[in-house]
Each structure stands twice: as C-alpha cells, then as structure tokens.
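A, B, C and D label the chains in the order they appear, each numbered from 1.
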C-alpha cells in the first residue's frame, strides 16, 4: 500500500517535472546482517545492479546485530523485505519463495555448474532450495607465524591432528604474559561446533532427526568435549565465553594466542592488525576424515514479494561472477572465480577450499528437527558445564539428552 | 434570575466533572492507540501456538500448562530474577539515597559531581556492556589486574556461577544516577527550616535522616521502589550482552527467557504467555507496595479526607 | 570532619564512576596494536585522535545525527507537555475511576517490550509509519507512565492550599496547571526531560524495528552496526560512544542546576 | 460591604455529616471567629463559604446574593490560608498581583493596588523577594496582602497565626485587629485558640460536632453560655461541674440540691423554668469558688496540688464525692497539698444546665449585663459608621 502511494507520488512528481524517464521507480528492499566493510561491498553490488537496471532502486537495510529481531517483527507483521540474507530456513521457509523453478529456468545463463552443489544444499528444506548462495566460508586454523618462529615450534602441517595441535599449543603457554597456544569456546555457536562431531564420526542428531540419544551423547561426542576440557585443564588453551568476553580474534590480534580456529570473517581484522599469520586446515581426530561446517551467506526471497521476477534478478546478480569477485570478506562461490583469482593455490586461501572439498557429506542439525532450537539450548548447557568443570562430559551430555526428550516428540 | 444562576451552576458542575478527564486524556488516548491493542493481541496470542511465520493453531491454555509444569527454565529464570531483585532493589534505593544526600550538601563543584554520577546513565547499552566485559574479564580484566597488584587472586567474575549474578548486580547499579537524581529532586523540596529546627533542638544527623528526610522523601521513595522492582524484572540488556544468561543459567533472567522464546525459538505464543505471567507477578508486587504505601508515604499535598471535588 | 568525609566519599565514588568512561575514551584513541595489550595500557603511547574522524565517516553519522536530533527534540517536547498534564490530572483531581485508571497506568510500565513489538509494528505499518520517524516521536505526545508517575509524586509534595489559593484568586484548572504547577515542577520537568532525552537518544530497539532505510537510521543504530555477527570494531564503538555522550552531558551539566532549584522547599511548607 | 447569611448549611464527607444544618447571620463589617476543638467542622464551614467545598444542602448568601453555587473566584471572597500558600516561584509583587492580573485588571491599577496593600502592611521593601527569602511574619503579611489587594466583600482567615511563635502571634493579633478596624470589611476567622477569638472578635461562633453551639459576643459566651459545651469550652481553667437535682423555687428561681451539697443553692433566672425534672448539672468557674470555713461551705475536699502563678494560685481539689475541681485563690493563699478545704459556690456565679445540657438563662448582675450590652452596641456603632 505504502509502496503504491510512494510510486504514485514519485510518478506524479516526475511527470510534473517533465523528466524524460517518466517510468517511475521500482524498489527492492534487501536486508542484510552485515555491517562495516562487508556492507559496503553489498551496497556496491546493489549500485551496480541499479546501474544495470534503470528505474530500479535497491534499498539496502542493514540490521547488523539486531537482524533476527528485526526480521521477526517484519515477518510477523507481514511487511518483510523482498530479499534478505538467510540462514535459519526451518523457521522461515514457509514464508520464503522456493527458488528451484527460477534456478531451473536460468540454469544455463547462470552457469550453475560453476557453483558447488554442497553450497546450495545448505538451503534445502524437504528437497526445495530456499536460498541462493552469494558467498561462503569454511573453518580453518589461523596461526601466528612470528610466534611460531620465536618459540621455535614447527608450523602446522598439511594433514595434522588434534594431538599435534595440542602438543604445539602447550609450548606457547606463558603465565606471566597471559599467552596461550590455542582458544576453546565454552559457549560456541553449535552450528559451527558440529564440525568437530562430524570429524570424530558422530553428529548431534540422527540423520532423520528421530533421536539424539546415541548421537549427542555418543562416546565420540564425549571424546570431543573431553578433549577440549582437557586442553583447558592443561592450559593448552584459554577458555572463551565464560568470564572472558574478549573474543578469540581480539586475543589473536593482541598476540596472546598462537593459534585460533575461525573462518573468513576473522581474516580482515588480522590483516588490518598486521599479524603475520598462516592458515591451516582443521586438524583431524587421528585418521578419521576431517569435516568443516560451511557458513553460506545465501539470499532468500519473501513469498509475498510484489515483484518476484525482479527480486530473482537481484538474487541472481549477487551470485554472478561480477558480484562474487567483489566479495573480499568471504569466499567466492564460483569455482571459476576462485581459480581466476588464483585463490585455490594461494597458501592463505587454499586451506579454505581444501576444507570445502571434504565437507559435503553432512548437513546441519537444525535442518533435521523443528524443535532443534530448544534441543540445542540443552547441548549448549552441556558444553558450558563441561568447560566450567573441565570434565564430566558424559554426565552433562546425558543430561542434555534427557532434557531434550520432551522436544523430540 | 435564579434560572440563569442554576443553569450556570449546571454548566459549571459539568465542566468540573469533565476537566480531570481532559487533563488525563493524552494518556487515555495513547493507551487506546498504542497499548491496549498490543495488549489484547498478546493475550490472544498466548493461547495459540504462534510461530512467527507459518500456521498458527489455537491450543487453549497449553502454553501456560507447559510453562508451569514442564519447563524447568521458567522456574529457574524466575528464581534468578527474584534473587537479582533482592539485591538490586534495596541497593539501588539505599545507594541512590546516599549519593543524593551527599550531593545535597553544599559542596564545591557539586554540579560536576552530579554530572559524573550521571555519566554511566548517559552511555548507551552496547558500550556500557563492552566496558564491563573489560572490567570483569577473568584473564585480561582490569579488576583482576588491580586485585593482582594487591596480591589477590580474583575470581572468574562472569565465569563462575557463584559470582556472575553479583557481578551483574554491580554492573546494573552503575546506572543508579537516575535514582540519585529523582531522590535529589525530592530532597530539594524538603524545607530547610525543618532541618534547622531539628538541629537547634540537638537532633543528631542520623536521626534527622530517619525522622525528617525519609518521611518527607517517601513519595519519591515509593516511586523508586516500584520502578526498581519493574526494572529488576525487565533486566535484560546487560545480562544478554555480558553473560548471555550463563554460566549455567546463573544469570538467565526471566526477561531473557521471554526474549529467547520469542527471538531464538520463534514461539511468539509461548513468549506472550510468559510475558503475561511476568506482567501479573510485577503487578501483584507493585500493588502490594502501593497498598502498603498509605502506611509509610506522607503526601504534603494530599487532599483532605473525602476530598475536594472542585480543586 | 564531616566535610572531609563528604569530599573523600565524593571523590572516591567519582573515580569509580569516571573509570569506565575514561577507558572508553582511551580505547577510542588507541592504535590497533595497543588495543589488546596486557597488562592494560592506561595512556596510549601513540594517541590517535583521527580515530574519531575515521569512525564518524565510516557511516553516514551526519545523517544519523540529524535523525536522532529530530526524534529527541520533537519527542521530548511532547513528553514534557503530555506527561505533566496527565500527572496534574491524577495528582489534583478526584474523579470516578481515578484509582483504577492510575493502576492501569502503572501496569503499562510492566508490559514487556517483546510482546508489544509485533502488534505495534502491525499498527504502525497500517498507518504507513514504518520507515519514518513517527513511531519514535508521536507516542511521546501521549504521556508515558513512568514520567506521569514521577511528576505526580512530585506534584503531591506541593501543598494543596497553593491550588486553593490560586482558585480563590480566580484561576481555573488550566491556569493553575500552566501558571502554578508547571513552574513549580521545573526540577522534576528537567528530570523528565533528561530521562526522556537519554531514552530517546540511546533507544536501540525502537529504531531497529521501525526503521528500514539507512537514511532514516539514528545514532545508536549506527553504533550497533560496528558490532557485527562475528567481529566487533571496538575502536569505532568507543569513539562513537564518546562522541554520543557529549551532547547529553553538556545539556545535563546545564540542566542539573534547575534540579537543584528547590523553590517549593523553603517557601510554603513549615 | 456585605453581611453573610448562612441557612441550613449541610456538608457530608461520604456518609459522615460534618456540618449539620448551620444557620448564621453575620452582619456587615463584623469580625466573627469560628471557634471549636479540632474536628468540630470550623475549617470545613469556612471552606464551604469560600467555595472550596461543595455543600450538600442549605445556602450561603453574601451581601444579599446567593453564592453557594458560584465558583470560588466569583464569590468576591479572599482567603488567608494557615500555611500562607504563597506561590513559591513568584516574588511578593507577583504573589499580590496574580489574582488581579487573572481578572484582567489594568496594569496601572494593579500596581496602585499592590503598592497600597504593601504600604498598609509595611512590606513595600519586600516586593522583589521570593517567599523563601521571607520570615514567618513577613510571609503572613504577604498572605494577608494577597487578600487585601482584591478588595473583597469578605475575608476568610484560616488559623493564620498558628504557624507563628508566641511573641509574634501577639503582635500580629494586634495588627489584625487594627487592619479590621481600618478596612472595615467583614472578616471570618477560624481558630482553636479562645484567647484569639475572644480578643479579636465582635462575635464568636462556637462549633460543636458540626452544629452551632452558641453565637454571641465574647462576654456572652463567658457569662451566659447557652449550654454545657460552651460553658466547658470557654474559659481556662475549665468550668467545674457537679451532678445535681433542681426544683422550682418560686418566680424566676431554681433551687439546686444534691446529696453531696451541704446546703441548697438558689439561683436567680431570667425566666421561670417550665420543667425541672431529671438530672441537672451545676457549673461554677474556678475563679468563682471561694475557699471558706466549714459553716459557709457547700462542699469539702482534699487539696491534691497547688499551682502558684504569682497573682493567683490554682488549687486542684478532690471533692469528697470523688470529683476533681479546680479553684482559683489569691496568690498568697496558704492552701497546701493534703489540706482539707471547704468550698463555697456563690449563687450569683452558678450556672445550671438541664438534662439535655441546655442552660437556664441566669439573671446577671447589673455590671456584667451592662458590659455585654456595651460590647453589642460597640459593634452596632461601628457598623453604622461604615454605612455612611
């Protein structure tokens, strides 16, 4: 309604001004959680889209930290943006537009084969894709080369294990200056944490979402938590998230950490702080295959958008080679772009792509059960409790499983 | 003659009856525009399974039943909030009063002191929490650094379930500049003669505080009492950003429980039911305080018994 | 002796209240390398004043400032006027349903924001107010319970005889409000103005929910955008926080003397 | 100039009847006090006249105009409040001029009237000050000044001296009396202090539980109280009372007897009493009791306490029947605690009240009678003077 009014007004004004382009404007509202540099990149992409489509205006709406609240309010009140960044498909998919038909229609023009299918799969609910990836990241370990050199510790190898990481980390501990070799999270985002479960051969919840017992509290799961708790107990790693709100990346920037497990989003800050860092793949659990979680920034379309075709054009543009090249704060979803920019051979970027190559066999827990959010709260509690007590992983995970029963129905 | 006189009287009486409603009409209108609708809406919502998007389903009182009988977080978070309130409310009032009394004396640079004490209230939430995170940080914080200089091994303030709630209480009290100002305003309206007279008759300072200041300040104390209770129950930002409710839910406030149900779990109906329970609890507490107030609040301007209808 | 104690206490407490602000300030002017040093650096070796300018121009803060100023000024005027009017109504009249209405008024303070948010959004959406500053301004013209309660408590400390004297002098209710109580309420009004100013100035949720377009954003939204999902730009947050504190602090410094103008104090009572 | 007529005035607070049919006729230019213990309704009555209270029945007429349905401001009445109720945020000049400016009086006239009032009250040099810079007495004057400038038909004063210290109260009392003389305007004055009421007033209204107990000149109230309440309320120390029986003793006479009385007392009355059955009370003021020898005495008792005030001694006596009496003797009277004394109640000083507490009008001695008459006529003369 409001838009119509605006449209009418804009038209009236332009007619009155006898301007040449009396077509009026069409506006696309695009919501993003990014801020700062990433936001500027998206605005630039939007500007280029506007330039390529005269008469179209893109209203970029950055909600930053308040993204979920804002999205809930606007969806709840029936006034969502046309296009938005999305990750929580299970909660929103009923109000999102399935994109499969659009993709099928334009598959050739878009050169969809250039995009790893694993990325699109992160947006699927019941087989339908609700998002089109625009950028992604896998997880790696950053390490401070200067510190390694100074301490005379050998740099991480191509295929290293957690045991090796721990052995290295122990050598950096300096009580006086509060230096640690590594950091473990007591309150991790479970979305990313599941990669450790996967790498140790288990998962949070059964593939069909029917059970957590025997998964979340499996011996392998207990092993993961116990390992991190041991690292904390032996001071191989500082514990983040309980009592220390200093983020791991802040400590890494302050050279208080020799190694830090993170993703693309930390890289910009490390560059800015002038840290001489290297990047290693995630370590493996013995000889088990390592698996990273994939964080994809994907674009979704509101079901009720007034102009789905235009919105699709906008989404498509975001995954075009032109746009993907601009996104320096995450990784290009197009293999061709990555190769063209020589990322796959660059020692800093290569580990990310190596991780991507081995990380397409699992999908995240939240896609498997509608009550995952509440189950996850119990898991978070178990992780936190284990890290506080620096042990008792089995007991806490069993407890989480028991607490989750009523949500599994 | 008498007809005109009576008609005038009727009109005057009508105007008198109408006047008070005209004065409070802005709020009445605002209530109908901006409060009543949302209130009714949320009440209706509390009887539904109401995801933000997708199908809503009427489920009767199920939200309330689940909350009261199956959800341990409901009781846990309520208990955390009550514990918080038991610390926060008295300290907020007592310390606010103390500061106000200190500043009510004739001191050089009192304007600057007042500004300083109000300073934390001026800093916005995000920044305030960042500051406290830095102060409390176990390994890298200024508090433990200073304690370390004194040879004391400081606890893990925000990481230890035994300390975290207290740490949040202290951080919340940083904003007592508002309470201080309210009480200071109240102190200013107490006649100096009362103190002078008491001083002349040799009443010691503490007795002047108890027998003059506190009774004369009681309307403002009532105000801070009730609003502190409300603030305690609505405590969210600091805990959300500082501890996220942890460690082990030791700072998981009732308001955060509602927030999570709404914005993490997308269960608007359940969150609405939570809110209504919270609303009723605060209302009951406030009513108790209001009811008790006739016994301890002294109003200088109170209307004579039975009232003064045309005043 | 008492004097010395007073000053001692004041200075000690001041130090505790200033410390966080001081830290925010030095954080703002620290270089990246010093930001994360431990033991903490209490005065940066390399003071980077340009951080303020850099942070300001990272986002269109001039636009945000204009929006915040409009919201704060417009809504403060409305709040002062409407709340004092309503407070006078509750403090000085007996009317049918007064106590019940007053309790409802108090109760509105107790409604959690979470549940009001979506219905309010729907309402403002219907009115076509989303993505305008109206949802942040207009409600202030309809009095807020907290301020009504505060002012009512204040008015009730004024002897009723003042009203009666004015009534005998020929003043009607409006004139008593306007010419007697409004000036007498000055300290409390300054308080309400200060509180409302700070609320509006630091409001985050309201602007977040009701504004879409960056050209409509307020300062706090800009500030919060330095805190991303994964990374936080601490220097910019600190710099903008310091800048954001300046206008309200200056205003408060000048306003607080009116709070200390205890006109009622010594003249009527006793 | 105007008198005030109050007819059947009723006031209720909820179900509580506070004023129970008040009838008063206050003459033009008169100074009348409302006197009574707290809770008797005197302040409510004053506020009802002012219009600050709605009345539930009856009416108030001022200068021939019914005013009880007019708003306070239209009644042409000014009121001085107990706590002065000065506007704290206005200086003295503004305090005085506020009412005039509200009523649209031209600026020049306002100034003239304010300056005039200030001159009368000698507060000209205070005009620029705020109330908080004034002393109690100065505030009092400003409060009165606020009433004077409006030149009202009627002044109402609600215990205006009660917040002043004793010395200042006496001074202000004299000033108030002078002011009344000077302005000649009708004034109604509420007080619980009988000395103020007796010294200032032309006539006093004694109120008891929402009713007029008596309306008369100060001396009338003292010498000819119409009922037990007035008799016991007026006078300090209080009148002593004794339960007695009465019988007619010829024309305009009443014989009083009791078991405790050694001998009967015969009191001269103005009229012959009609019905003298039932219990009666005999009243006698402490200063009329004589300490005598046994053969003259009406009763005897034991001295409990002697308070020596110099010119007089107050002797507290427990009578043989257990009643406590106070008698006033000369300053040098030798009575001492523990003494057994004999009391005489001279008949010409005795008051007699019937079972309902109503007094039988006494035959007063010529001296008293003429004093009372003079008080009444003094007022009448003043009134006539003003009318010219």
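To be clear about the criterion, a residue touches a chain if its C-beta (ideal position, glycine included) is under 8 Å from a C-beta of that chain, and two chains touch if they have at least 3 such contacts.
For reference, the UniProt names are A = Sugar ABC transporter substrate-binding protein; B = Sugar ABC transporter permease; C = Carbohydrate ABC transporter permease; D = ABC transporter ATP-binding protein.
Note that this is a predicted model, so its numbers are computed, not measured.
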| item | value |
| --- | --- |
| Chain separated most widely from chain A, comparing mean CA positions | D |
| Per-chain CA centroid nearest to the all-protein CA mean | B |
| Comparison of B-C and C-D (more C-beta pairs in contact) | B-C |
| Interchain centroid distance [CA atoms averaged], chain A/chain D, Å | 91 |
| Euclidean distance of C-alpha centroids - chain C vs chain D, Å | 56 |
| Separation of mean Cα positions, chain C and chain B [Å, integer] | 15 |
| Where chain A and chain C are represented by their mean Cα positions, the distance between them in whole Å | 37 |
| Interface hub residues of chain B, defined as touching at least two other chains | 134, 140, 262-263, 268, 307-311 |
| Junction residues of chain D - those touching two or more other chains | 52, 71-72 |
| Multi-partner residues of chain A (each touching 2 or more other chains) | 69, 72, 76, 178, 246, 251, 256 |
| Every chain pair meeting the contact rule | A-B, A-C, B-C, B-D, C-D |
| Chain B-facing residues of chain D, complex | 13-14, 16, 51-54, 66, 69-72 |
| Partner chain D, residues of chain C touching it in the complex | 159, 161-162, 164-172, 175, 179-180, 183-184, 186, 263-270 |
| Chain D-facing residues of chain B, complex | 5-6, 8-9, 12, 305-311 |
| Residue ranges of chain A touching chain C (in the complex, touch as defined) | 1-2, 5, 29, 33-36, 38-39, 59-67, 69-70, 72-74, 76-79, 81, 177-178, 246-247, 249-251, 253-256, 263, 265-266, 268-269, 272-274 |
| Contact set on chain D toward chain C in their complex | 50, 52, 71-73, 77-79, 81-89, 98-99, 102-103, 130-132, 134, 139, 146, 150, 163 |
